[in-house]
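Each of the next two complexes has subunit A plus one more chain, namely subunit B in the first and subunit C in the second.
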Partner chain A sequence: MTRAALQALLSHWVRSPFQLAMLLAGLALATALWSGVQALNTEARTAYATAESLLGGGNAARLTAPAGQIPESEFARLRRAGWDVSPVVEGRMAMGQTRVTVLGIEPLTAPAGGTSEELVAPDVTDFLAGLGFAHPQTLDEIGPRALDLRPSQAVPVGTVLMDIAQAQALLDKVGFITHLTLAPVQRDGLTPLATLAPDLRLTPPEDGADLAGLTDSFHLNLTAFGLLAFAVGLFIVHSAVGLAFEQRRTMFRTLRALGVPLRHLALLLAAELALFAVLAGVAGLALGYLMAASLLPDVAATLRGLYGAPVPGALQFNPAWAAAGMAMTLAGTALAGAQALWQLWRLPVLAPAQPRAWAHAGMRSLRLQGGVAVVLAITAVILAQTGGGLVTGFALLAAALLAAALIMPLVLAGALALGQALARGPVAQWFWADSRQNLPRLSLALMALLLALATNIGVGTMVSSFRTTFIGWLDLRLVAEVTVTPRTPSEASALQDFLQDHADAVLPTQRMDARLAGQPGQIYAMKDHATFRDSWPLLDAVPQVWDRLAAGEGVLINEQLFRRAGLRPGTAMLDLPELGGVPVLGVYPDYGNPRAQAIIGQDLFRATWPETPISQFALRSETPQALIAVIQDEFGLPSGQITDQAQAKALSMSIFERTFMITGALNVLTLSIAGIALFAALVTLSGMRLVQLAPLWALGLTTRRLAALELARALVLAGLTLLFALPVGLMLAQILLAVINVQAFGWRLPLQLFPADWARLALWAGLAVLAAAVPPAYRLWRYGPNQLLRVFAHEK
Partner chain B sequence: MKNKPYSPIVGRIAALFLLMITATQGHAQGFAGLGTTADGFAVPERGRALDFPQDHGAHPDYRIEWWYLTATLTGDDGHDYGVQWTLFRSALQPGDRAGFASPQIWMGHAGLTTADNHFAAEKFGRGGTGQAGVTLDPFAAYIDDWHMRSRADAGADPYDRLDIRATGPDFAFDLDAQAQGPLVFHGDQGYSVKSFDGQASYYYSQPFYDISGTLHLPDGPVSVTGQGWLDREWSSQPLSDDQQGWDWFSFAFDDGHRMMGFQLRGAQVFTAGTWITPDGAATPLPAGALQFTPLGTERVAGRDVPVRWRVDWPDGGVSVTTEPLNPQAWMDLSVGYWEGPLRFSGSHTGRGYLEMTGY
Partner chain C sequence: MTSALTIERLCKTFGKGPDAVQVLDNANLEVPQGQSLALTGESGSGKSTLLHICAGLEPFDSGKVVLAGHDIADADDHARATLRRGTVGLVFQQFNLVPSLSVAANLSFQARLSGRHDPDFVAELAQRLGIAQLMSRYPEQLSGGQQQRVAIGRCLAARPRLVLADEPTGNLDEATGDAVLDLMMELAAQAGTALLLVTHSTRLASRCNARVHLRAGKLQVPV
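Moving on to the complex of A and B:
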């Protein structure tokens, strides 16, 4: 009996292969988007863990010198005093075709537990003799090389791990180390470090490169996007499952009448759904993997550019990820199919065999939806008022979007009613009335379209607002024509002397790490110069801010620090090491920097931390190319140490563009899913509408006219949805700019409107709707009289 | 004692120091009379007179070297104790360079044995930075905060008086060693043959130390006095391919004589030793003169180790059996071996030290 019942149930799909394809495509796409995003997140997080575990995890404190480097004799001195410290040399340099971070460790004293230990151990004598390790991708980027480098996945991308002696030589830091790592356990009774090495600063473990923490907001963003796409995909599944259920009502009744128990039937249907879920899940995982693999290089570039987080551009397959993706698909299918199964459960044996639209409860369910929408809207308002934190921000976003989606059918119903009131002539009146009647059946698909359109508008507005602001800001920030990065302190002082005579202005950068209002950050020195007075962008400042800064009377802080710590210029004080409380004079935008930052006058900086070396020179020059040539001749600096303004700008812009390329790609995918959802709904409808349309044909309307009317209705509904999506999208953009970005990145951007983008979106949406609506309309046009007449013969 | 996991790096580095017990690289024989191994290390030559104080210091052109002090001590609590302090040097390449580029690797071992406990600790570092090494004027052998420093008067041999210090996670010691006799040269004026193939090392000792100092144990400090023996040895390739390990003994007879004896276990057992009179006159004991007979084994650190021996020198009328202070004196470090104090009886009585490797 099971076999016969199963055969009967499955025969439906053989007869409706298109429906089956729709169901599978919806599930597969939903799975693909969700799992693709998760693959990206997993890959990135694995990379952070790799980076952090390389040197014994994040549990080793560091000793650093304000001067930037420590003489290696300090290492021996501390060891001889009994302290278990190990030296590290770190620096950037050009290697082959690329720039890498060279990380030099001392394996004999390195704290136990790092992955470097496992890596180096089998070949430690070779390592001491010059063997290095790098990620395979880094090796590819370096290209042909003189060094003996071996590939290893344990090394973060962009880093070359080698013995400290070789690293010192390569980085031109012989005799110096960058920092000392302090083993977690030290012997009792040692002379305190404060006495032994008062010049060194102890950095607690958690202040290190906490990449996972820094990038959390970025990944939360991606996850939210993935979840949205998944939800949109489930709309398709829901409508496909619902349709199949409706069409098989007669079959269910017959099977029940033939003696198949209800339990049994429900079980068979659930098994059928599970089978589809598994099939589509596998396809979705494959798709998701491909999508993630093609997006990963951009994501990696973003993470590297924005946070300095090393993420490889090649995706690793992770079984846990696949399992989680499959579980999500099964859960999603269960959710989407629950309603249909529930209806089956309550279906009386001798229920009418006529197909009945599931949303036929009509206005009542619309009103219920409206009620939920109002509750959600109120929740959103409350969240907006009280909100703090990124998760609250996303909750606000979700509540607002859902409220808009749920209220939309009511809005559309109102608009259609208005249309009907204004309509003249029987066909026009029928058109509007019929549209209203069919609205419930299309509303789910239209909601999906609304979400996709609103997301497009919202994210597009955010990105464009960001781009406009960012370009303006870059122009102001990157005024210096050339920047030079010296390799050693001695080279820095030589450069300083040399540049005085060759550049129009020499603006040295000095900086040091410090905790600012409890957060890890940096303090910069700023020279009093017209370049800064004229163009340094400020969001808020006290009067005579530049004079007061030059006089050492206060500090400028970046927007991130201003927002997180609530330090208002004119009233607030910022605690700086050595200096104590310093008045906050102004706030400047600092896009792309995840950390807190403060600027004080150069004179004050040099008086307070005289040992700090110059890390970079910004140079003004009328003839930048000539200046670069002169510096290269004199100092033999590799090209990576000298950048001109155009190069720096291009680099910043490419980081920026790549950041939002991911959102762009996800936007396109969401819109296509919405298009498919609409297509599925229209096809569903067209099968059922024959009954409604046959009388009109009998009254003299040609199938051609009817098909044109069907098309027109799809466009009208889509147009209304787009109109509604516009304010929803702008609301979304406002939430992204004023809540999510502030929480995630620490900066707020002005909302700007880009109507040209909307027009482009309208065009794309129109094309998507046409693509969805033309095939069913075409089928209608092609119906022959016999098919239409059969409607009457069947007495339906 | 505490069993702490050792880092794999340290294990591999320590393996460098195992060249003594597992000969692997190259051939020890001088290279066509040039006095170097295939990879450029110097090899010992018979007849070269040792030169002091220079030869108290490091010989970076030789592959391996050590400064090795053992002491049999008695505490003011009446208990026996044993102490070992060693600084090993192993060169990746001959010669030295400044800073981290130095190819000289240093390893420190410290051991402290009581009747029912054995403590051990180790240190690693490389030369060139001042973290570890040996200086000559004044003499000091050091790694991190461990040291063996000369406190001898000006003009005297630097080894006449030493101050020795080491700390481990759960023990420490501070000792003052004063030599009561001259340096003693093993083999042919310090040229000590180690196999039938002719592998050799430079090897001399200061076996006449009177020692006083303090041991820091988990239960508190103990004042100790006793006797100490310092070994100095360097070479580039002392063992034959088939030699698996050795058993090395130092004996301080109650009548003031000293005796050093060892056997290298391989396809053939190679023995050698030195008989030392109370005034420091040394007689080398040629291969085969000494006989070492294990008297049963004990389970130590998961292996069977012969901790009791009979040592016979028939020609000298010596036949003694040894009894370890603590049979479990295993140096549980990245390179494991047995090292501990003993008492002996039979034809003679006295105290001594035993080192066994390769078990």
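Moving on to the complex of A and C:
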């Protein structure tokens, strides 16, 4: 019995291979997008773990000096006093064809448990003699090299690990170290560090390279996109399964009438679905892997550029990832197929198989959907009111999007009813009535299309708003024509003297790490200069902000700090180390910086932290190229230490372009999935529609006219969907800009409208819909008479 | 008396080679304007095929079919559609109605397509067919017999020159079938409509002006 029944069930797919292909494609694409995004996330997280475990698993505290570096003698002094500390030298430098972070450690005192220990211990003599380690990708980037470097996956990308003495020599920091790592367990009864070394500051472990925390928001964004694409894919599966169920209704009835028990039939259908899920899941995982591999270089560049997180550009295969992806596919298929199985369960043996009965049931479920949509919309409003937290932000996003998707069929039904009421001729009236009748069958595909279009509009608006705002902001922030980064404090002071006579203005950057309102951040010094007064962008400020800043009467803070700590200019005070509470004078946008930042007047800064070295010079000059040449001649600075404005701008822009390329790629994929969904629905529908169209043909409508009407229907429905998608997309953009971005990055961007983008999207969507609608319409036109006649020929 | 439908030496074969089935073999037929003709024959003898050919739905191999003065062979797809819309009325046994339209909309549909819509006439037809109280329902909410009556009403409302009906009373009980046939004949007589009626029932056939029997591809007047 099982074999015969299964054969009968599967025969449906043999007779409609196209539908099977669509079902599998939808499932495979959904799996691909979801698992692809997960692969990217896993890869990045592995990279963070690598970076943190390199030096004692990220749980070692650090000792740093405000001046930026510590004399080597301090290390010896602390060791003699009994403290278990180890020196580290860290710095950026050009090596081969790239720039790397050189990390110098002292293997004998390095904290136990770090990856470096395992790496170095077997070859400690070679290491002390100059052997270094780097990620294979870093070695490739460096190219031919003079140093003895060995490949190792345990070293973060972009870092070269070597002995401290060699690093000091390479970085021109002989006699200095960057920081001291403090072993987690220390002997009892030691002289406290505060007495022993009052100048050194203790940074708790979590303030250090907490890359996972910093980049969480980025990954959450990716995950949200993956989930959305997965949901769109499930819409396809759901509609394909539903349609196949609809078409096999008679078969189910016959099978049951012939004595196949209901439970048995349900089990067979579930097994059939599971088989499809496994087949599509495997294909989807392969696709997802390919997708992730091709996107990883961009993701890696973004993470490196935006957060300094070392992520390699090549993907590893991870079996746990594959298993999780497969589980997601199975769960998704179960979810998508549940309704069909439930319907089968409740199907009376003699249920009518007429199209409108089904449509009526469809209308009932549309109303149910409307109810759910209203509940979701209310939830969204409540979430928007209460606010707070990135997860709440995403919940708001999901609730709002889902509410819009669920309510859309009702809106469409209303629009079609209006069309019917306004229609004059009999054919026009039929056109609208018939579109309404077939709406339930198309609504899932249209919802998928809506989600894809709204995401496109929403994300597109966010990206374009961001780009416009960001470019304007860069122009204001990067007014200095040239920036120079000195390699050592002595070079800094030499540069200072030299530049006075060569540049129109010298604006030195001094900064120090500090906790601001409880968050890790930095304090900058700002010289009182027309450059800043004229162009430094401010979101909000007290009157005479620049005079008061120059007079040392207060502090400017970045938007991130302003939003997280709720510090309003004019009323709020910010606690600064040494200075205590300082009035907040203004807030400035600081896009792309994940941390808190504060600016005080240069005089106040120098009086408070006199030993802080100058980390960079911003230079004004009418002849920047000549200035660069002069500095290079005089100081022999490598090109990486001198940047002209155009270069800096291009660099910043390229980081953001790559970030948004990822979302762009996901956008395109989501839209194509929706296109496929529509295609699948239209093709499946066209087979079922013959019975509906045959009477019209017999009544004297040519197949050409019928085909044209079918095409028009698809375009009308897609057009209405696009119209509906526009406000939904803008709502999405507003949530992204005003809620998600604020929560994730700490800045809010003004919503800007880009109608040209919408027109382009409408064009693409129109083409996608035409591509989906033309083949079935063409078939109706060309082969219609034969097929339509069959309806009447087989009537008995 | 002009002819509503003329068929001369009509041949039709389905399939090719050894599987070929010759359904019509030099069949000849004439239905004069205003007359009714019953077409009988065994199941599978080709009655429906003949009707489909006359309506321009099905192509044929050779011979001549003239519909109200128009040679079907000369008509392209568009012209045939125009003939179906304005000249011929079709009633099938099933799948007659447009599922997305209400009974009222279905009833007036063809009349509106052909530009001969008369609301009073439609109301009268509905009354006489006993479907006036069903006007706001949808086809799937009707029984087979009710659907059949709507289809007949829709066809008559358009006042075609020729009605082609394929077992139109197959779904009706004897009394209703007789009543519906009476109505068709009466209206046909009033409007001068010709009627080609496929039926199994010799009783119904005997009520038509003439009768032909289809056997082995030939049309014969039974004795």
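Just so we're on the same page, the second predicted complex is superposed on the first by the 772 of 796 C-alpha atoms of A that agree within 3 Å, B and C clash if a C-alpha of one lies under 4 Å from a C-alpha of the other, contacts with A are read in each partner's own complex, and residues count from 1 in each chain.
Going forward, contacts are C-beta pairs under 8 Å (C-beta built on N, C-alpha and C of every residue); 3 or more make two chains touch, one makes a residue touch a chain.
Worth saying up front: this structure is predicted, and the values here are computed from it rather than measured.
S.K.: Quick check on the superposed pair: does A:Gln429 touch subunit B, subunit C, both, or neither? Answer first, second, both or neither.
M.R.: Touch status of A:Gln429: second partner only.
S.K.: So in the superposed three-chain picture, is A:Ala771 touching just subunit B, just subunit C, both, or none of them (first/second/both/neither)?
M.R.: In the superposed model, A:Ala771 contacts neither subunit B nor subunit C.
S.K.: By the touch definition at the top of the document, which applies to A:Ala154: first (subunit B), second (subunit C), both, or neither?
M.R.: The answer is neither, since A:Ala154 touches no partner chain.
S.K.: Now for A:Val174: first (subunit B), second (subunit C), both, or neither, which partner does it touch?
M.R.: The answer is first: A:Val174 touches subunit B but not subunit C.
S.K.: If we overlay the two complexes on their shared chain A, which of subunit B and subunit C does A:Ala81 touch? Say first, second, both or neither.
M.R.: A:Ala81 contacts subunit B only, not subunit C.
S.K.: In the overlay, answer first, second, both or neither for which of subunit B and subunit C A:Met251 touches.
M.R.: Touch partners of A:Met251: none, neither subunit B nor subunit C.
S.K.: Which partner does A:Leu696 reach: the first (subunit B), the second (subunit C), both, or neither?
M.R.: In the superposed model, A:Leu696 contacts subunit C only, not subunit B.
S.K.: A:Ala334 in the overlay: touching subunit B, subunit C, both, or neither? Say first, second, both or neither.
M.R.: Neither partner.
S.K.: Who does A:Pro107 touch here: subunit B (first), subunit C (second), both, or neither?
M.R.: Once the two structures are laid over each other on A, A:Pro107 reaches subunit B alone.
S.K.: For subunit A, which residues count as touching subunit B in their complex?
M.R.: Per the stated touch rule, the residues are 72-73, 75-77, 79-82, 87, 106-110, 112, 117-118, 120-122, 124-125, 128-129, 163-165, 168-169, 174-175, 187.
S.K.: State the interface residues of subunit A toward subunit C in the complex, per the touch definition above.
M.R.: 352, 354-357, 425-427, 429-430, 433-434, 436-438, 691-692, 694-705, 785, 788-789, 791-793, 795-796
S.K.: Can you tell me which positions in subunit B touch subunit A when the two form their complex?
M.R.: 5, 7-13, 16, 92, 99-103, 105, 124-126, 129-131, 142, 144-145, 167, 169
S.K.: Which subunit C residues qualify as touching subunit A in the complex?
M.R.: 48-49, 52, 55, 57-58, 77-78, 81-86, 90, 92-101, 105, 108-110, 112-114, 138-140
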